[in-house]
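Scroll down for the structure; my scribbles are underneath it.
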Amino acid sequence: MSTITPEIVAEHGLNEEEYARILNALGREPNINELGIFSVMWSEHCSYKSSRRHLATLPTEAPWVICGPGENAGVIDIGDGQTAIFKMESHNHPSYIEPYQGAATGVGGILRDVFTMGARPVANLNALRFGSPDHPKTRHLLSGVVAGIGGYGNCVGIATVAGQTDFDPAYDGNILVNAMTVGTADADKVFYSAAAGMGNPVVYVGSKTGRDGIHGATMASAEFDDDSEEKRPTVQVGDPFTEKLLIEACLELMAGDSIVAIQDMGAAGLTSSSVEMASKGEVGIELNLDEVPQREENMTPYEMMLSESQERMLMVLEPGREEEAHAIFRKWDLDFAVIGKVTDTNHLTLLHGGEVVGDIPIGPLVDDAPNYDRPHDVKPAAIAAERPDVPAPTELGATLHQMMGSPNLSSRRWIWEQYDHQVMGDTVVLPGGDAGVVRVHGTDKALASVTDCTPRYCYADPVEGGKQAVAETYRNISAVGATPLAITNCLNFGNPEKPEIMGQFVGCIQGMGEACKALDYPVVSGNVSLYNETNGIAILPTPVIGGVGLMQDYKKLVRIALQNDGDSIYILGDTGGHLYQSIYAKVIQDIHVGPAPRVDLAQEKAHSAFVRGQIEDGTLTACHDVADGGTLVALAEMAMAGGKGITLDHEGDHGFWFGEDQGRYILVTSNGAALEAAASEANLSLTKLGRVGGDSLLGQSIDGLKQANEDWMPGYMAAV
Amino acid sequence: MKAKVHVTLKSGVLDPQGKAIQHTLSSLGFGGVNDVRQGKFIELDLEETNEDAARAALTDMCEKLLANTVIENYDIELIA
Amino acid sequence: MKAKVHVTLKSGVLDPQGKAIQHTLSSLGFGGVNDVRQGKFIELDLEETNEDAARAALTDMCEKLLANTVIENYDIELIA
Amino acid sequence: MKSAVIVFPGSNCDRDVAVALEKIAGNRPHMVWHGETDLPEVDLVVLPGGFSFGDYLRSGAMAGRSPIMKEVITRAHKGKPTLGICNGFQVLTETGLLPGALMRNAGLNFVCRDVTLKVEHANSAFTNAYTNGDEIRIPVAHHDGNYFADDDTLKALEDNAQVAFRYKDNPNGSQNDIAGIYNESRSVLGLMPHPERAIGAELGSTDGIKMFESLMASL
């Protein structure tokens, strides 16, 4: 066996101190397999070494939380013995290298995290960030990512119901592709990953293992595979057909009682899945790598342990149940192999060709993982001492028209029409609304889900931005009439070794935590993606929040589209006219400095309760939260969706119409008196803005606004 | 000048389509098919008559559009 | 025995992919591309070692699965 | 009306159509796995939407060669009503039960949206609750819905009144705006749009209901 040189250690991304810890954990020098395993388990991605202590501050509990962070996905109670299971994950880097496959395998990976817990996936969401539309790579990346998300999700047959897409030059060299899946399972059919039962079989199912995505594989194969052919691509290719079979096969097996534990093979495949199962169960696992189904010849233990081939799962079965399980996987034409067993050694033991090729104590591998308290400097960044006033536009209507056709406010129809958003027949609010809503199959209940984040606020003020991201999902879920229950998240940041970036991270987490706590809206799962930097230029801090809420009766939901001529239009919440960091300031006035709007969490809670109450009572005919672009943009969106005009009878300056003050909703009703009485009883600020009617808004025809709004993206994508 | 371009997956890259074809062939009773790989075959009709110039243009087309060089190889054949 | 199968669209059958490629090539600045047709290229590895038997089996595979003979032609090439 | 829904590996609208059949026609269809060779005695066979075999090679190609298809074809030749929706339509053309082929959408992208269809010929067990010329809203969701047939076939389809539905605003480049066709005897219908997704106002449209009502009344 080769000795481990400092170069090999460095190529595995381990620093000297970390390597010393490995020597200490093992009490000897690792072999290359063991080094590979330590390196992936102690990578930022798997060990959360920069983020762990901060994540630990997030609130994760509520009476309805069945399983918080720590498992493959979070689980919440949705009543009647049913649960919702969800998580979000990043696939940023792979999507930049190969947008189609990167995004596709991102969707595949997050689906597995959800169905590995026993859930049938019922909705996919995503949050995408691209560089400037003018950047030469943006079109190619956007078209590949969207095709990849659709290509995978459509084929597997899970509706993609909501998402978010933004452009900003900060993502020119690091796009973000975050994918979220929501599933449902019966509460007594939730599966966990803790291995148990000495001697129980460890079973591999799904696709065969190839040399996909092995990090540092160049080096390792030079060591072990002299006649290595062409340099191997590290890009994984997704196979959604196999994923669909895997979902059906796993759910069929899960209907019985033969599974002790189950875990998808995600990042660091066989390594992280087996280590996590052993660690959670406080047992050992012995794997005989000769039994691993292999797609290529002469695979080394190193390659097998580190391969990130897709569409694979690892399970521990009850003893003697192998044949029954095998029959199911045979029916679905999937590989099935007993590759090891649970042991009482508390070690991960690897056998290959009759030899022990790795033997690592699980405790140190997991518990001794680095856990850094990186220096951080939390401070609002963009509050310039001297900042200009944000001037008024020359003409309100024309400015609205210009904003509706700008890249970040334009319609995303070009994207979501490439996603099957209706498959499974339960989607009752399609993309384009405030939240995607899918019925809980066969019931009147429905789940509302959404992804949100406003990176420009997070950059200007990490704490407020962190709060805002949580609050915006809370609002979007409330706006359809659902009760927000819990969130998942995907925290995308630059290099945590820089104090200002770490400061953004810590600040955002602080804000998120405050919001989750105040709103009774805990974190049940999530993911962290750091080092999103190219040539020292970091992305904007982008803590994407995925929120999930529940409606008892989907028939009561409201949408954003204006329904009836003559209905009265109100805004709930005060408008202070906060223009700094607004779309108006950025797009129309080219002003990028100034503080982010503040989030009043007590008010968020009160407003949400009020809105949900009014929807429940049937008072509202349409509802929409006020977000990017402010009040006038929200009104235009409602008008376009309903194909109806609005007559405004409220006077306001540009701060009123374009300001991005938080916590506000547009409420539309046929019964203004009832709404006004309810608001005054609840002591909430409600302002009448006008009424539905005609075919224009501020002199702009709704058709014209719609055209500007709909045409930007198809036009952009058609150009070369 | 006519050209034929073959675009194939690099070796080691998973080919879900090939795998599925192989599987269906075997269930149709075609035994003894060890492996199937599916690629693309693109025929182009170019105005260019100079062979070198045509090859250069085609290489450029492959790099820029016809092949995804992260996972695919391409091969250009010219027919006078 | 290895085999290469080309599956191409019959002439007269419209080829949306070929047309799109041609269009994109032209907007990428590749002028003088008169026509583009996209087909499939399938490589098979067979256990069969007899050429005639292999060709017969492949013809059968093409007729039964690899090509849709309503719209596609196929061409079989054997490599010893 | 007794019905069977064929389930291929990768089908994903099998449950959706079963829900629609049960909701409107009143009883639950038999779900028949593609690997079976026997079909139960039923009045209607449905080939559902989805991505059978991942739509690898060609959409519907591998499903068209599944063991169960032999029996489906035999029954269809005997006049047993057979409905193919989306991927099911692709399977029907791959097996030759319907003429032509479904190619990649002209815009190359997958397209999921509500489209307006004109009911062209409503004289079949699938469509007689509609009236010729009706305009209905039904969603499409496909990547390969671009209907192609040679000139003679197209002429025959038109002459024999075999075009069931036409797009008002063609989303995929189909010849003659064809969205759905019958076989000569009108016992087989294939269409790209998804009537099973248009069976409730909450889903955005109720215009698919009449297809299931037609079937229930006729069979």
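Which chain is which? They are A, B, C and D, in the order written, and residues in each are numbered from 1.
Heads up, the rule we're going with is that contacts are C-beta pairs under 8 Å (C-beta built on N, C-alpha and C of every residue); 3 or more make two chains touch, one makes a residue touch a chain.
Given the structure is predicted, the values throughout are model-derived calculations rather than measurements.
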**Message:** Of the pairs A-D and C-D, which shows more C-beta pairs in contact?
**Reply:** A-D
**Request:** Give, as an integer number of Å, the spacing between the C-alpha centres of subunit D and subunit A.
**Result:** 35
**Item:** Length of the line joining the C-alpha centres of subunit C and subunit D, rounded to whole Å
**Value:** 28
**Fill in**
Note: subunit C sits from subunit B at a C-alpha centroid distance in Å of 10
**Asked** If you average the CA atoms of subunit B and of subunit D, how far apart do the two points sit, in angstrom?
**Response** 33
**Asked** For subunit C, what residues touch not just one other chain but two or more?
**Response** 24, 28, 40, 64-66
**Prompt:** Among the residues of subunit A, which are close enough to touch at least two other chains?
**Reply:** 239, 241-242, 333
**Message:** Which positions in subunit D are in touch with at least two other chains?
**Reply:** 53-54, 56-57, 62, 65
**Prompt:** Among line, ring, star, complete and other, which best matches the way these chains touch?
**Reply:** complete
**Interface residues, subunit C side, partner subunit A - complex** = 24, 27-28
**Asked** For subunit A, which residues count as touching subunit D in their complex?
**Response** 147, 150-151, 154-157, 239-242, 244-245, 332-333, 416-425, 427-428, 430, 554-555
**Of subunit A, residues touching subunit C in the complex** = 720
**Item:** subunit C-touching residues of subunit B, taken from the complex the two chains share
**Value:** 6-8, 18, 21, 24-25, 28, 30-48, 57, 60-61, 64-66
**Asked** Which of the residues in subunit D end up touching subunit A in this complex?
**Response** 9-10, 12-13, 15-16, 19-20, 49-51, 53-56, 109-113, 139, 141, 143, 194, 196-197, 202-204
